[in-house]
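Every chain is named by a letter (A, B, C, D, E and F) in the order it is written, and numbering of its residues begins at 1.
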Amino acid sequence: MTEEHTLVVTAHAGDFVWRAGGAIALAASRGEKVTIACLTFGERGESAAEWRAGKGLEEIKASRREEAEAAAAVLGADVRFFDAGDYPLKVSDELTHQLIELYRATQPTVVLTHTLEDPYNGDHPAAARMALDARVLAGAIGYPAEGEVVGAPPVFAFEPHQPEMCGFTPEVLLDITEVWDTKRKAMECLSAQQHLWDYYTDLGKRRGVQLKRNAGPNLGFPSSTYGEAYMRFYPQVTERLA
Amino acid sequence: MTEEHTLVVTAHAGDFVWRAGGAIALAASRGEKVTIACLTFGERGESAAEWRAGKGLEEIKASRREEAEAAAAVLGADVRFFDAGDYPLKVSDELTHQLIELYRATQPTVVLTHTLEDPYNGDHPAAARMALDARVLAGAIGYPAEGEVVGAPPVFAFEPHQPEMCGFTPEVLLDITEVWDTKRKAMECLSAQQHLWDYYTDLGKRRGVQLKRNAGPNLGFPSSTYGEAYMRFYPQVTERLA
Amino acid sequence: MTEEHTLVVTAHAGDFVWRAGGAIALAASRGEKVTIACLTFGERGESAAEWRAGKGLEEIKASRREEAEAAAAVLGADVRFFDAGDYPLKVSDELTHQLIELYRATQPTVVLTHTLEDPYNGDHPAAARMALDARVLAGAIGYPAEGEVVGAPPVFAFEPHQPEMCGFTPEVLLDITEVWDTKRKAMECLSAQQHLWDYYTDLGKRRGVQLKRNAGPNLGFPSSTYGEAYMRFYPQVTERLA
Amino acid sequence: MTEEHTLVVTAHAGDFVWRAGGAIALAASRGEKVTIACLTFGERGESAAEWRAGKGLEEIKASRREEAEAAAAVLGADVRFFDAGDYPLKVSDELTHQLIELYRATQPTVVLTHTLEDPYNGDHPAAARMALDARVLAGAIGYPAEGEVVGAPPVFAFEPHQPEMCGFTPEVLLDITEVWDTKRKAMECLSAQQHLWDYYTDLGKRRGVQLKRNAGPNLGFPSSTYGEAYMRFYPQVTERLA
Amino acid sequence: MTEEHTLVVTAHAGDFVWRAGGAIALAASRGEKVTIACLTFGERGESAAEWRAGKGLEEIKASRREEAEAAAAVLGADVRFFDAGDYPLKVSDELTHQLIELYRATQPTVVLTHTLEDPYNGDHPAAARMALDARVLAGAIGYPAEGEVVGAPPVFAFEPHQPEMCGFTPEVLLDITEVWDTKRKAMECLSAQQHLWDYYTDLGKRRGVQLKRNAGPNLGFPSSTYGEAYMRFYPQVTERLA
Amino acid sequence: MTEEHTLVVTAHAGDFVWRAGGAIALAASRGEKVTIACLTFGERGESAAEWRAGKGLEEIKASRREEAEAAAAVLGADVRFFDAGDYPLKVSDELTHQLIELYRATQPTVVLTHTLEDPYNGDHPAAARMALDARVLAGAIGYPAEGEVVGAPPVFAFEPHQPEMCGFTPEVLLDITEVWDTKRKAMECLSAQQHLWDYYTDLGKRRGVQLKRNAGPNLGFPSSTYGEAYMRFYPQVTERLA
């Protein structure tokens, strides 16, 4: 039997917390492995306050890394940093190759990443592009990299900051109520972005309300249900329509 | 706990066999109820051979009904005929009301119907339109009909004859391998359309091949896997990304 | 010079408050006229609590009307009820004709209505369909109704409850910060839906955050900026790109 | 108060005249600054007649430059040439960086560029891609370039030669009637493309006719109204629906 | 061998001239039959000048009819009037049935009609809807109407007044150069709309320019090539890619 | 008169057989030239069985080449190999330039290539991207390459393995019945992929069935009609609607 392993490919150090913290905590709570690939620290594009405070590049990277490690620990996941440089993060053969190696090493059964469109931040589509390319290449026995070829794990896009501008529609609503406190704690590790804690708490509630409205004749939801929204890049394969 | 009940809303008597026979047989094989609503017998639009053979309207309707009843029995489902008249099937308040009553009587947990577009057959979108409207209205306590209001069951569109012309993409690939023989037997109940038996066997194989290509690192599929393709009208609600 | 007059065409009595309360209050605050057309009271589809409490149809309609009148008064708008019956609200020649008469009587310079898609509530597209049809017909001198023909006022769709499922993208972000307190007071007139007060306050904040991110090099926004999102049905006509 | 400054990013030397001459002249007529960035001279792809006449590369570039400078002067704008080489114009880090410097130097309040799709000319999407990327990067304090970070100015796509093939719909119709003569004079600076003078005069009239049909109850348009069509890349932010 | 017969289904008396005059004249010039079905005279929605001049309904209808008959004669086509009433033209079973009878009587090999979207004129989509429905129903032997069932002729949408707002893209560019003078003469039969003569001459030129740019390595086009644009509702069936 | 010449640009050595073998054989059967550009041998991504059998890279390339040459000979086409390396095939200036030279050398009147989207194989969009870019550049007299500039030949996308996931709709259905046996023989040259022979035979039948349903009042099709599906990248230019 295949061991479940979720691979999260993100552009910046904080992305996995706001966008997929619930999915990560849920998987971890089931005893599954989760590996987060942070392609950059978000040192240029997501650290405005520190730049304005006059901090230096290495200092900012270190602080982003520290926060992300703390948040990953709260969620129960491993995190790997690729330090590929942000703003702009560039699609490159070398970074794609490193991701291929990660796919072969981790043998993911689920992959999470950004959407392929984001007019507010080109690093997000770049990360998604490489996550998707690497997944296909890692599955070809002819591709020269160490490790076993991987299968074709389902890939989900997590929700961007302005979903409607990124072609994002919530195709999958994930019930994260039982790990909500964990996600909130992970968000609070990102101390520089305190204004987002409530913003993403509100979003969790909103997606929870929608989840209940789409949940069928199931009356068991608590009044404060929290949700996360995802899109699929590939068809769902299932043995049961539900 | 809610009892599982699949409601299939179709325009013509044979539709449920070609398009959803696998899903129906799977549900029945799990001991769940399945109710098929055939809004018409397909007496005008789907019975060209009989018309050319000079048969009369009532005779044709009886023969369509008989075939559909036999196929439903093979699949393990109940079938209800509404005899609303095809070619064209018209969207009407009265027929929608009858469907609302059926929703409230059956309390479906899953609904299957046609796509909302079909440039080759306007009866299909009409049936889908009413299936969707009735689902919403049946859920409103203020709507005057007998029975308990229903929840918001997920709705799936089954695959039309020319999928790419109907805006259909296979969002969900259902593994029907284990009930394939049952589906084939049900198809063979539709003796007037023998040329479609192989056509839909080929389609089952094609969707099975695609299913395996999207199934992730799961190597357990038999070489002849059969699939059916579906679209969702509403977001999937889940407790696990997979 | 044309007198500014905003016409709001909605399906149910409460819609104008949640979805367009800010736009209405802004227009009224500039001394402009606003007329709200409520095609139904939302008596069947939007009054579940009262039905569960055993109230009767007329009683429910009266209570919806009362709330809507109070909210309209807070916002500074006139409200007209058409009592066309909801769940389902049907597109009809007669109701369209009444709207044509209203267009000719009010000579609107801006029109607000629902989106043409809403898989959760068919009354909304029906109202939008009639609002749009009536606008075109009211502009034809050959159409037999009293009053002067109207021009071609811009039409905006306000934001539905689940925007991504209705094909809604926020093409226009309206800054409603200065009338936010008025909108909140109007929401509080809808006492049966207290759980939505905070829900739509959160939405107002979210759209406000997005508004600031799209507002260009304009640093004058207060930290709590509120917004409402709209789509256009027709091209914007302007003398200046901004 | 922010000073208004329009930045126009184009692939070839003549593009700004045919596609945005009216917007440029309008802005200049209001006393605002306009800077045009011509990434190439269009020396290979837009100069067929000269190549057929046996002219050399530098000669052609010089003649394109001269025409563009003359047209820009007529419109009242500054023009900067980047000489990045056309057919193909390639997206590059270096050119993007130069545009970032231009954004920071000019602090644009409005940006105009090509569409992101154009199956007839890949240089256009390349220019648009860099214009959009540079806008985002220029707004990040962490991006290492001189000058103040920029806000998030609205970006408009001007109309391509075959709009329907480029996903272009006229979301914004700009009334350029009062500067029409100026635009015509600027077109006439492009002496090698005389056959386009009437072509784009006809287009101006066509967009003018459509502008009047979408202009609402405003009867003040002259019979020969001229228009230019634009799309938005980002939501409009406004204090008034109109 | 099947006799070629083009059926044109239009909402108003003048539509066939502006939108499909070239295709009609071309077919007629090849000796083929063309039948035009005018569902209404355009008496309310397309006759503003006459209404303003105080003319009566019957008088307006007569004048529209006369013009259309003259234009059809110039083009070489038969025209049939259904007088179904415009603004609004309603989709109805009765009118659809009349069209079915016309399909069976004419056995069309090509069908031309409006687009299914037109936010400026709801009569156009209504006519297209019935043209398409009737085509499918006329092909069913079980549908009770006189005459032989029809095949599945290709259907083309002609170009609406504001193509980009109607989801229209020019999928097919028809070279009408050789019948241009005939089309122009037919336009001149519509004396009340003289301002459109030049407008549609300009459009013919514009589509001609685009035709040449998409015509492949064929250098034989005259400098003034005229074109008409069409969309397909169904796949093209061919024995040769070209 | 222009000599007809079909240029097929594909990513991997086998693509032209499964996807366009019918079109190629048809053109050849009319005495026209066909040139196939195989950008890679499919040595890494399309040769899993050989890799698993322990074969080496050069051996695999040789075997792919041999099969492709045999299949091309059966179909009656020339094949050129570019050996650009697959999985991933990268878009590059150099390879694009080689294609430009091929365009100028062959002066194609029809071009066939992949779709621009394919989430299962990034090599396909890369090949299509270069085929399209090269076509535009080869037509510019200013582009520095040998040979005459080319016109603007129509470009068709052939059908990908999972059409609905690649945005593919069958806009053109090509009747390949008369060359079916030739296509089958060419498929049988690809001995390593025997499981696909029947798969693509089934697809040929399916597209044939659809072809007949869209073919109009033409009753002459044999019961086993075979088809291939294509999309157009550019508008069709024609002298006759059909």
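Methods note: contacts are C-beta pairs under 8 Å (C-beta built on N, C-alpha and C of every residue); 3 or more make two chains touch, one makes a residue touch a chain.
All figures in this text were calculated on a predicted structure; none of them were measured in a lab.
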{"item": "Copies chain F and chain B - interface residue numbers shared by over half, same or different", "value": "same"}
{"item": "Equivalent interface to D-F, taken from B-E, A-B or D-E so that over half of the residue contact pairs match", "value": "B-E"}
{"item": "Inter-centroid spacing, chain F versus chain C (mean Cα positions, whole Å)", "value": "53"}
{"item": "Computed distance of Cα centres, chain C from chain A, in Å", "value": "37"}
{"item": "Residues within chain B bordering two or more other chains", "value": "120, 165, 169-170, 210, 213, 234-235"}
{"item": "Chains that touch, pairwise", "value": "A-B, A-C, A-D, A-F, B-C, B-E, B-F, C-D, C-E, D-E, D-F, E-F"}
{"item": "Complex contact set, residues of chain D against chain A", "value": "93, 96, 132-133, 136-137, 140-144, 233-235"}
{"item": "Complex interface listing, chain F residues touching chain E", "value": "2, 6, 23, 26-27, 30, 107, 109-110, 112, 150-154, 156, 169-175, 210-211, 213-219, 229-230, 232, 234-242"}
{"item": "Residues of chain A touching chain C in the complex", "value": "120, 162-165, 168-170, 199, 202-203, 205-206, 209-210, 213"}
{"item": "For the chain F and chain A complex, residues of the former touching the latter", "value": "43-45, 47-48, 51-52, 60, 87-88, 90, 119-122, 165"}
